[in-house]
Structures are given as C-alpha cells and as structure tokens.
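Here subunit A shows up in two complexes: once beside subunit B, once beside subunit C.
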Partner chain A sequence: MTSPATTGPAYAAVLAEVTDALHTVLDDLELDDTPITPDTRFVEDLDLESIDLVTLTAELGGRYGDRVDFPAWFASLELSDIIGLTVGQLVQYIAGCLR
Partner chain B sequence: MTTIEAGGIRLNVERLSGAPTPAPGPPQTVVLVHGIATDNLTSYYFTIAPALAAAGHDVVMYDQRGHGRSSRPPRGYGVEDFSGDLDALLDALALEGPVHLIGNSFGGTVALAYALRRPERVAGILMLESEPPTAAWAKKMSGILAGSAHQLHDERTLPWIEETYGRHEARLVRWATRLLHGTSIAEDIGSCPVPAEESWQSLHVPVCAVYGATSDLADTAPWLESLLPRCRTLTVPGHGHSVLVGTPETVVPLVLDWLRDGHRELVAP
Partner chain C sequence: MSRFLFVVPPLVGHVNPAVSVAAELTRCGHRAAWAGLPGFVGELAGPDAEVYPCDVPTLPERPAALRGAAALRFLWEEFLVPLAGAMAPGVRRAVEGFRPDVVVADQQTLAGALVAERLGVPYATASTTPAEFSDALDGMPKVAQWTAGLVAELRARLGDPGCTHDPRFSPDLVLSFTTPELAGPGPQLPQLRYVGPAFTRRPAADFPWEWLDEHRATVLVSLGTANTGLGARFLAECAAAARERGRRLQAVLADPGGVLDGESDADLLVLPRIPQLPLLRRASAMVSHAGQNTVAECLWHGVPLVVAPIRDDQPLIAGQVTGAGAGVRVRFGRADRRRIGAALDAVLDGPAYRAAARRVGDSFRAAGGAAAAAAYLEKFAAQKPREPQESRER
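Now for the complex of A and B:
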C-alpha cells in the first residue's frame, strides 16, 4: 500500500468520501467501533450484505455523478471478487476515474 | 436508489439508464424480477443488468417483498401479492408503454402471473428456470419453503451450508431465515389462488423460457410450450438451476436478442 496510486491527496479524499458514504447508508449497522482502512473488506469485516454494496455505490454515484460508472465496474468483476471487495479497491477505482 | 410505497409495503428499487448509444433496435424498458428466499436484486445488478443498460435499455430492478431491502410484512406472500407489487411498481415509476419482464426462477412465476393479470402492460417475458403458478407448483414450492424453514431451526444447518457451498451462500441463507421463520410465506404460497389451467391459452404475451440443461425443470419445457400459446424454450448446456449467476455471459446475448426483435418473431397463430 505504498504505490503512488494509494497515497496522495486524491486517494485520501476518496477514502474519506467512501467512509462517510458508509456511515450515511449504514447508520444502523453500528460502524462507529470499526476502523475503516484500505484493507477493510466490506463483506467479511464490515458484515455488509451484497445488497448493501449496491446501496453504498448508489450513494457514491449520487456524489460523483457520471464521472464514475459503478455498474460497469461491477460488470467487470466476478461475483467472488465482489464478495471479497476491499475499501481500498473501491477507492482506487474511484480515484482512477477522477484522474 | 429509490424507494416506493405500495399498499403499506416499501419496495427497494435500483434503476440503470440506457446508454445514449444503443444497440440496433429501439431501446426498451426492462424490469428484472428476482427469485425467492435466497435472492434479491443483486443477482441482476452484479450480473446482466449493466450490460443491458450499456446496450441502451432502461433497466429497473427491485427487491420483492420480504427480500433484500424491501419491507418484510409478517403475512401476505401469495403470488397475487407479489404480482400486485409489480403492478404498483410500474404505476409508481410511471413507466410508459408495455415493459419487458425478465424473471429468475420464482421471478418468472411472478412475471407470468402478472402478464395474465395485466397483459396490456407486458411486451414480453424472458424467464430463467421458472415455472408457471399452478396448483402442483404451489404445493411443491410451499413444501420446499416449509422444509427449508424446518431445517434452519437446526443450528447445524448454517455451518453445514457454509462448509458445503461457501460463505456467500451461507449469508444468503441466513438472510432468508428471517423470511422463512418470520413470515407466513410457506403457507401463503401453498394456499394462494392460482390461475385455472385453461386461462393460459388466452395469454398472448410472448414468452421465452430458458433452462439449465442439468436442472430438474429442463424436462418440463415441452409441457410449457403446449401450455402457453406463444412460447419458445431454450436450454443452456452445462448449467443447472443457477443459470443467471452461473453464466451471465450466456444470458446477456439471449436477453439482448429477445429485446431486439426475438419476441416479435413469435406470431400468434
């Protein structure tokens, strides 16, 4: 996690946005005690259901608009990849679209 | 993400707008209806939905009552309740013109029931591993749901599912347990009214029924073709009941072809 793509202001800003979106859509899941890092896995670590990932990316879609195409990204992933998705992978995808 | 209210039920809806550079043929509105218990709209969102939107079609997905992020009322799970939700969804979204319905498993059952109820609103149905709502189907499905509910009272069941089918499947089953133990779905499916067999002869909505070759349902294809006046069937080799999630790369071209003009080739006799 030391490559330029995972550091720098853009990456940090997106990580903050994703973390905020998580709290917005999942306020009932008591995330407060769970530190969210790039290595955090949505399903395994945060106990999200796959349907929550849809809700999360819909929320992020509202924030980033057409600049980030989440459905197209999901379409490029296998279901097993989606189940194992980390916060860092999502942040990296968004940061790449914004560049 | 959109939420619509219908008869006290909150339905979770996701829409993908068709891309501005569509594939040949006029863009269609496609409503994707998922299966029962261990299913929700993600079975489409993570598989075929993005490709349908990329081809120019407007895609609507929703969680059926008791599933995903929609309401889970304690009762009201007859086929007519599910098809009523679909009707309310089309009203709430003010979808103009007839829509195409894609149904996975039980979702196809709901789509067929809805087409019989509101044929003028349905341009065509493509269903994956689905059966029409008949008395025999209702009895079988009710038994499967009640049997699953019973097994899930045994605390060894979930760990066994996780070990055998993996963690994701176990999570879906854990979710389904709330539906199976917290609602009357098994009895409602078993006791709900089903259309009289002769009523299917009047259904002139074109239907394409897709089966996985190794599924138990594949053998019912000839019977379905004789039951429905405008029906064609297709079989996908090497797959069972989970055609949609198992091979979305096969399902996408089938659906796109059906939306383009495949359904129009089925002329009523």
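Now for the complex of A and C:
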C-alpha cells in the first residue's frame, strides 16, 4: 500500500471512519483484538457475510450522506472483486468520492 | 394416471423432499420415475424406485476456507455447470424411455429443465433451497448477471435457445418447500406455490434416552453431515458454553468427526449421529449451521435456534430464521463460548423465540407438504395438453 491515494490524511481519516463503523454495526464481531488494516479482507478475515456489508455501508451512508454513492459501488462489483474484497478497496472508493 | 419424472442431483437435502412427493403421487395412482445417480437415488427412494441412470461428475473436494462469493463461484463452476452437462444425456434417455407427462426438475439441477424444454415436455421446478430465490449477494447485480450468463450458456448447449424465461423457474409451476412465514414475501411469481417442508421417514439413530434429565432443558448441537472438517473449534466452544450451563441444561452434540472424543458426562452427550427428529420433540433449543433440513425440522417442532451459518445457502437461511424471530445468529468463524452461551440464554429465556418458531411450524403444517405438492403436480399434469403422438393414439 504505497500509492499516493492510500497514504494521504484523507485516506487515514476514512480508514478510521470505516473501522469505527465496523465496530458500531458489527459489535458481535469481537474486533478488539483484530487490527483493521487496508489489507483486511471482509469475508475471509472478518467473517462478514454479504448482508453485513450492506449493513456496514448503510451505517457509512449515514455518516457520509450524498457525498458517497454506496449502492453504485456495490453495483460495480464483479464476482471476482467480491472475492477477497478488502477494507482498503472500500476506503479508496470513499476517499475518491470525497476528493 | 399421469407419469412424473423427477430429475435430482446427488444431494440428500434435494432428493428427500422429492422422495416424499413421489411416494404421495404413487399412492394416488400415478407413476413416478427418477433420473439421477442410480445407487444414490435408489438408496433414498427405495429398492422399487424406477431409476434412469445419469452420469454425475466427481464432486471436487472444496477447500474448507472457501466461503461467500468464492464458494458461490466454486459451486457453479465446479459443480452445477458440469452436473448439468453430465446429466443431460441420461435425462434425455429417461424422458424418451419413461415418456413423462411432467418433468419435476430440481431447481439447481439444470439438466432437468433444459432437456424438458428441448424435448417439449412440460416441467415443474422443485425448489428445496432459497439459493436461487433470495439473491445471496443482493445489491450486487453483476453477480446475478454472472450466474445468468452461465445458465444462458447451458441453455444454448442443452436446452431450447428460443426460450427466454429463466429455466430455474418453470413458467408453469414452481414448488417451494418452505413458507412465506419463514422465507419472507419472496418474488411475485403467479406460478409459485409454497408447500412447506416435505419430510421423509428415516431410521433414527440409537439413543440412550435414560440419559436425559427431565428437570433440565435439552439443547441439541449439530453442524450437519457436510461440515465435519470445519467445525472442531465451534463444536468445542459449544460444549464449553453448555457445560457452563450444566445446572439448567443438558446438551446433545452431533460429532461425526470425533473431535470431542471422551467429553461425555452427565451434562454433555457426544455422539457421532443423533436421532434428530425424536430429540426435537423434547428439545428446548438447537444450535445449527442453518442447513435447510435441520432448520425446517426445528421449526416444525417449534424449537428456536442459534444459527451459525457456514456457507452456500446457510447465511440466507440463517437470515430467514432471525428475520422470522425464531432464533439468534452467531458467527461460525469467531463466536466463542461467551457469545454462543449468550445466544443460547436468549432463545431459552425469551418466549418470543419459541412463539415465532411455533408460528412458522404452524405455517408448515398448513402448507400441506408432500401431499400439497403432489396435488399441484397432479393438477398441472391434467391441464397440460397431451403430446401430439399420444393424441393420435387416443
């Protein structure tokens, strides 16, 4: 993760926001001892199901409002994108919308 | 008298409801035959079943870690698509040999629908899992497009490319072995009929009934038969959660893999197989992987669930259970004894869970099961225009 888009202060702020949203809506995940990094995979590392992703983005939608179009992001995902989907990919999308 | 050909995959949960329906049709004076893996179907449908053999690809070993979208891709690419291609010639021979009035095609066994449409035989869809109904990846249209693309390729090869409907949904009759009380409102299809689960009699495993203490609640724990290699950690946490509650409950754990060997005592009973149906008559709760059959059996008996879905249709079914208010979900990969124990306490102490489970169970009984399915099929066969050849014979 060394590309400029993933190192700016905006990116770090979004990562913090996504991490906080994960803790808020998925409190049964017991995330305390699991560090959330851009490389963390939603399904494989966090045990999320697709419905949890929808819940997560609904929470983030409340935080970012119209500035980020989450349904459009979901609609753009190919099957191969969803496999191994990482926190970093979501953060990057949000950061891109905020620019 | 009508003739029904059941096209089934080598999956027990898909064949068992069909066996009940076929038995009901036979009882009403109709004839039923099968297209599928011969030894396997014969074992489930009985020695007198008329089975037209189909080739079935060797099931590839699925990596245990595959879940979510990766499991979906594997299921289609490595199983459902090759299954359709391998079974199609056998299904064709079955249709030509048995000359059914109606093909009853399992929803995920695409050879049934596609061969029927190519040969111009009416077909009904038998849906035993919500997998093709509620999109597991809702809001991700490209996934549904990907699956639809695979189905279209299969139709070009095996079916009638002139047809435009989704072959997973017969345009005439779709039998769904659940009810809206569990599955939710579902798609608005005029040909969709909910018949509830259709159970088959199966020999119950031996059980030391005297072990049960009538002053304590009975809790069952089973991850089904297909997840032996995955469940060790989860089963051990279940055992620990149950043990901490030994004053109020006894737990019976199905452990086909033998990972809890030597754990049995007065609070905990570990067996390779458990007689689930008779035990459910007196159980207060069940911890399950949310397999369709187990969930249906629990709710039939009004038993609330702690669901820990692993993959495939299980997250969908678990969502149906919690949506109906009949259970609590925990995370298979992460839940520890504390989480599992808290979920158990919730369903044991909250009367609303049991009430919801009973509501769904009542809806199952009202839906009619195998008898209702047979009646719909009977009516469908009677309504369909006869094949030209048969008209000439009359």
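By definition in this document, the second predicted complex is superposed on the first by the 97 of 99 C-alpha atoms of A that agree within 3 Å, B and C clash if a C-alpha of one lies under 4 Å from a C-alpha of the other, contacts with A are read in each partner's own complex, and residues count from 1 in each chain.
Throughout what follows, a residue touches a chain if its C-beta (ideal position, glycine included) is under 8 Å from a C-beta of that chain, and two chains touch if they have at least 3 such contacts.
What you see is a predicted model, and the numbers here were worked out from it, not measured in a lab.
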So, after the overlay on subunit A, do subunit B and subunit C clash or fit? They clash
| After superposition on the shared chain, which partner residues are touched by A:A58: those of subunit B (first), subunit C (second), both, or neither? | first
In the superposed arrangement, which partner chain does A:S50 touch: subunit B (first), subunit C (second), both, or neither? both
For this session: Check the residue A:I83 against both partner chains and state whether it touches subunit B (first), subunit C (second), both, or neither.
Result: both
Partner chain in contact with A:A72 - subunit B first, subunit C second, else both or neither: first
Candidates 80-88, 134-142, 206-214 or 386-394 checked on subunit C; the stretch that hits subunit B is 134-142
Footprint intersection on subunit A (subunit B / subunit C) at 43-44, 49-51, 54, 71, 74-75, 77, 79-80, 82-83
Interface with subunit A, subunit C side, in the complex: residues 65, 67-70, 72-73, 136-143, 146, 309, 315, 319, 330-336, 339
Per the touch rule above, subunit A residues touching subunit C in the complex are 28-30, 43-44, 47, 49-51, 54, 71, 74-80, 82-84
Listed in rising order, the residues of subunit A that touch subunit B in the complex are 43-44, 49-51, 53-55, 58-59, 71-72, 74-75, 77, 79-80, 82-83
Contacts from subunit B onto subunit A in the complex sit at residues 1, 12, 14, 16, 40-42, 45-47, 49-51, 53-54, 63, 68-69, 167-168, 171, 175, 245
